[in-house]
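All chains are identified by letter, namely A, B and C, in their written order; residue positions are counted from 1 within each chain.
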Amino acid sequence: MQSPASGLSMLLFIEQILNGLQLGVMLFLMSAGLTLVFGIMQVINLAHGSFYMIGAYVAATVMQQTGSFMLGLLAALPVSALIGMLVEALVLRRLYQRDHLDQVLATFGLILFFNELTRIIWGRQPLFMDGPEWLSGTVELIPGAPYPSYRLAIIVVGIAVAVLLYLLFTRTRLGMQIRAGSSNREMVAALGVNIKLLYTLVFGLGTLLAGLAGVMAGPILAVESGMGESILILTFVVIVIGGIGSIRGALIAALLVGMVDTLGRAFLPGLFRLVLPAAQADGVGASLSSMAIYILMAAILVWKPKGLFPAQA
Amino acid sequence: MEAEGTVSGAGLIAMQNFLTRKIAVLSTCLILLLALPVIMQLLDEPYLISLSSRILIYAIAAVSLYLILGYGGMVSLGHAAFFGTGAYVVGILASASFDASPVFSWPFQMDGSERLLVALPLALLISAFAALIIGFFSLRTSGMYFIMITLAFAQMLYYFYVSLEGYGGDDGLSLYSRSQLPLLDLGDDTHFYYLCLTFLLLFLLFCHRLVNSRFGRVIQGIRENEKRMQSLGYAVFGYKLACFVIAGAGAGLAGALMANQSEFVSPGLMHWTQSGEILVMVLLGGMGTLFGPVLGAVALLSMEEILSMFTEHWMVYLGPFLILVVLFTRGGLYGLLIGRER
Amino acid sequence: MLDSILRVEGLCKRFGAVEASNNLSFEVARGEIHALIGPNGAGKTTAINQLTGEITPDAGSIFFDGEEITHLPVHLRARKGLARSFQITAVFEHLSVEENLGLAVQAHQGHSFRFWRNVARDSSLKQLTRQAIETIGLEARAAEPAANLSHGEKRQLEVGMALASRPKLILLDEPMAGMGPGGTVKLAELIQGLKGNLSILLVEHDMDVVFSLADRITVLVYGEVIASGTVEQIRNDPLVRQAYLGEEVIDA
C-alpha cells in the first residue's frame, strides 16, 4: 500500500533523474571533444567554453532572423567548427610544444577576447531563444509525470552523439587514428598520418560538439557573454574524474556529475531537514549541494589520481 | 653569486653592469613608491593613492602565486580562492562585530572584531588551512590535472561563499569601516597605502629568504625533476604542500588587505577570472625573480585603468595582447627592463 | 655465509605478457663492485627500478643491510643509504653544479623545512658540497648551470649526486651511457677509487668496463638469472657465451 505522498515524491524523483541525465548529456557533449584535445595534443585549452557561447549566440541570432530553431542549429554547428579550426591554426598550434603555463595564459586571452567581442556585437543584455515549436509540449513517459519534450530531446540527441562517436572511433579509419593518437603520439606520426590535419580536425570536432551543446542550452538558459565558463569548470571536473583522453571516461563521469549535482540540489536540503531545523537545513543543504560534485572529485582523486579511465598508462 | 675565478673578465664586467643596473632600477622604484602619496597629493589626484594601494595588494597576491608557480613549477589556476578567503575572514569578523553577535558559538564562542591585529593573523591562518586542504588533494596530481583541479576547488569555494546567505550571499558584504590598528588611521588612504607597502616589502623579504633557504632549494629541485628528488631521499609531497600552504597564506594576506581597501567583500573576489588575472600578472612580469610579479601587477592594473578610460571594451584588446606576449616574448617586462640574468 | 648489503629473493614482475623479472635472486656483498649485465631487454632496468622502489614487484622480497625494504617508498630507501644514478641523465638543468650537489648533500642532513637561513652561508652544507665537487673533479665548473655542461661532465655530475649522499650501496645504471673513450676512462677511475668504501651495483653495457671493474657478475636473460659468479666464472660460462653470441665480444 503506497501513500499518495510517497507516490508524488517518486514522480519528483524520476523527474530529477531525467534532469540529471539531461545535464550529464550536455556535459558529455562539452567534455568528449575537450578530453580528446587534452589527451592527443597535450594542450590545456581554457577557451572551450567560448565555442559553447558562440554556438548559442549564432543560433539565437539566426533564429531571431528566421524564426526557425533548426536553421539556427544548422548555422551554429559549422560556424563553431570553423572558428574552432581557425583558432587552432592561428593560436593553439603554436602552443603544442610550450609548457602548460603558456597554454593557460594564451587560452585565457582567447576567453577575454571572445567574451568582450560578444558584448560588442550583441550588447550586455542576455538573449532569449525558444526551442522549436514541435518540442514545446510535454511528454508523459510515466503516467502522471509530464516532462518537457525539449529536455527529453536533449537527452536523445546526447545519446545519439555518443553512439555516433562510438561508431566513429571503432568503425572508421579516422577514428582509429584519433584513438591511437590519444595513447601514442609518436606511433601515429610514424604511421605517416598527417598529424597537423588530424589535430585541426579533432579540434574542430570538439568545438562543433561544444557549439551543439551551446545551441541546446540556449532555450533553457540565458544566452549571455561568459555563459561558457560555468559549464567549462564542470567540464573540467568531468574530465578529471573520467581521466584525460578517455571518451568512455567522459561519458560515465558526465552522467555521474550530472546526477550528483541535480539530485544533490533537489534532495540534500530535504535530507538535512530530517535532522536540523528548517532554516539551518536549507543553508547547509544549499552549501553542500553546490559543493557536492567537487567533493565527489576529491574523493575519486584520492582513490584514482588519474581518473576512472586513464588513457595513458 | 661567487665569481670563483671561473668567470672570464668580460663576463665579470657584464655581471657587474647587470648588478649595478639592477640596484639602480630597484632603488629608483623604492624611492618612487615611498614618495608616491606625496606626489599624488601635489598633483591633486587622491584617487590614484587608492589605486596604488590596490596595485600593491595585488602585487602581494602575485608574488605569493609566483612562489608556487615560478619556484615550485605548480601552475595553479585557483589562487584567488585563498585571496577571497582572506578577504572573507576580515569581512565576516567585521560584520559580526558590527552586529555584536558571535561568528559562531560552538565549540567555543568566536566574537567578531574590527581590529587588524586580530583579523589579519586569522585571515592568514584560515587561508593557509584552506590551502592545506585543497593542496592535499590537488598535489596528488600534476600537469593538466593539477590546473583543472585547482580551478575546480576554487570554484567550489566560490559557490560556498555564494551560499552564505547570512553574509550577503551572491551580493557580498559591505564593511562598516576599515580595520583598526594602533597609531595608524587606516581610513586615511595615505596611511593605508603605507601599510600595504610595508606588507609588500616584508613579504618580499620573507620570500627572498625563503627561496634562498634549504627549503627554497628543495622546491626548485622538485620543479626541475621530482623523480630525482625522491631518489635523493626527499619526501616531495610534504615540501610541495608546505610551499602551497605558504603561498595560500600570502594570498590570504593580500585578500585581507583587499577587503579593507574596498571595504567590501563578495564571491567575485574568488571568481576564476581573478585567478587568471593574478596568473597574467606573473607572466607579464616575467620569470626568474621575485620583482617580476610586482612589476606585472603594476603593468596589468595600470594598463586596465588606462585602457578603460578610452573604451569600456578594453578586454577585447587585452586578450590578443596576452596571446602575443605568450607567443613572442620570453622573460616578460622584468627581462626588458633589467636584461636577462643568464 | 656472505656478508651481503643487498639480497634479492625471488623477485617477479610482469608487464602484460612480458615476464620482466622471473624469480630473480642475487646478492651484493658488502664492499664489492657487482655488475648486472645482460642483452637488451633482459630486464636490467626493471630490476633496478624495483630495487629503488619506483616499481613494486609482483612477488619476492628485497633486503637491504639486513632489513626488508620491498614495500618502502623511493625516498625512504634513499634515506637508508641506497642511492642511484640514472641511465638518462637526471640532473637539475637550471641549477648550478654546486646547487645540484648541495641538494644531494642536504637530503641526508635531516629535514629541509628550514625557511630562513641562506644556503650560501650554511657552512656544514658548503663544506660537504665542496668535497663532492672535488670527488668528481668539477671544481672549475662549480658555478655553471648544469645545462651548460658537456655530456661527459653531466654524467660525472650524475654519479656525483648519487655519491654525495654518502650511501652504503650505489646503483649505477649505465654510468658510461653515450660517453666517448676519454670520458669512460675518467669515470671508470672514479668508480675504481670508490671500491672498498661502499658497495656498488653496476649495470653497464661496456663489457671492457665491466670486466675491469667488477668483483662479481650476475647475468640476466629474459628476466632470469642465468649465471652469477666471479669474473673468471662468468667469462667461461657456456650459457653466458651462448646468450651473448653475436651480441658482444666477451674477451676483454
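What we mean here is this: contacts are C-beta pairs under 8 Å (C-beta built on N, C-alpha and C of every residue); 3 or more make two chains touch, one makes a residue touch a chain.
This one's a predicted model, so the numbers in the text were calculated from it and none came from an experiment.
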Chain whose average C-alpha position is farthest from chain B's own:
C
Return the chain label for which the distance between chain Cα mean and whole-protein Cα mean is smallest.
B
In whole angstrom, the CA-centroid distance of chain A from chain C equals 49
When centres are defined as mean Cα positions, the distance from chain A to chain B in whole Å is 32
Mind checking the centre-to-centre distance between chain B and chain C? Centres are C-alpha means, answer in whole Å.
43
Per-residue overlap in chain B, given as positions that touch at least 2 other chains
none
Using the touch definition from the top, which residues of chain A touch two or more other chains?
none
Residues of chain C defined as touching chain B within the complex
52, 54, 73-76, 78-79, 83-84, 86, 90-95, 99, 102-104, 106-108, 112-120, 122, 125, 140-145, 161, 165
Touching residues (chain side chain B, partner chain A) in the complex
69, 75, 77, 137, 140-141, 143-145, 147-149, 151-153, 155-156, 159-160, 162-166, 272-273, 276, 279-280, 283, 313-316, 318-323, 325-327
Touching chain C in the complex: which residues of chain B?
1-4, 6-7, 209-210, 212-218, 220-221, 224-225, 227-236, 239, 242, 342
Can you list the residues on chain A that touch chain B in the complex?
38, 42, 44, 91, 94-95, 98, 100-102, 104-106, 108-117, 119-120, 229, 233, 236-237, 239-240, 244, 283, 286-287, 290-291, 294-295, 297-298, 301-302, 305-307
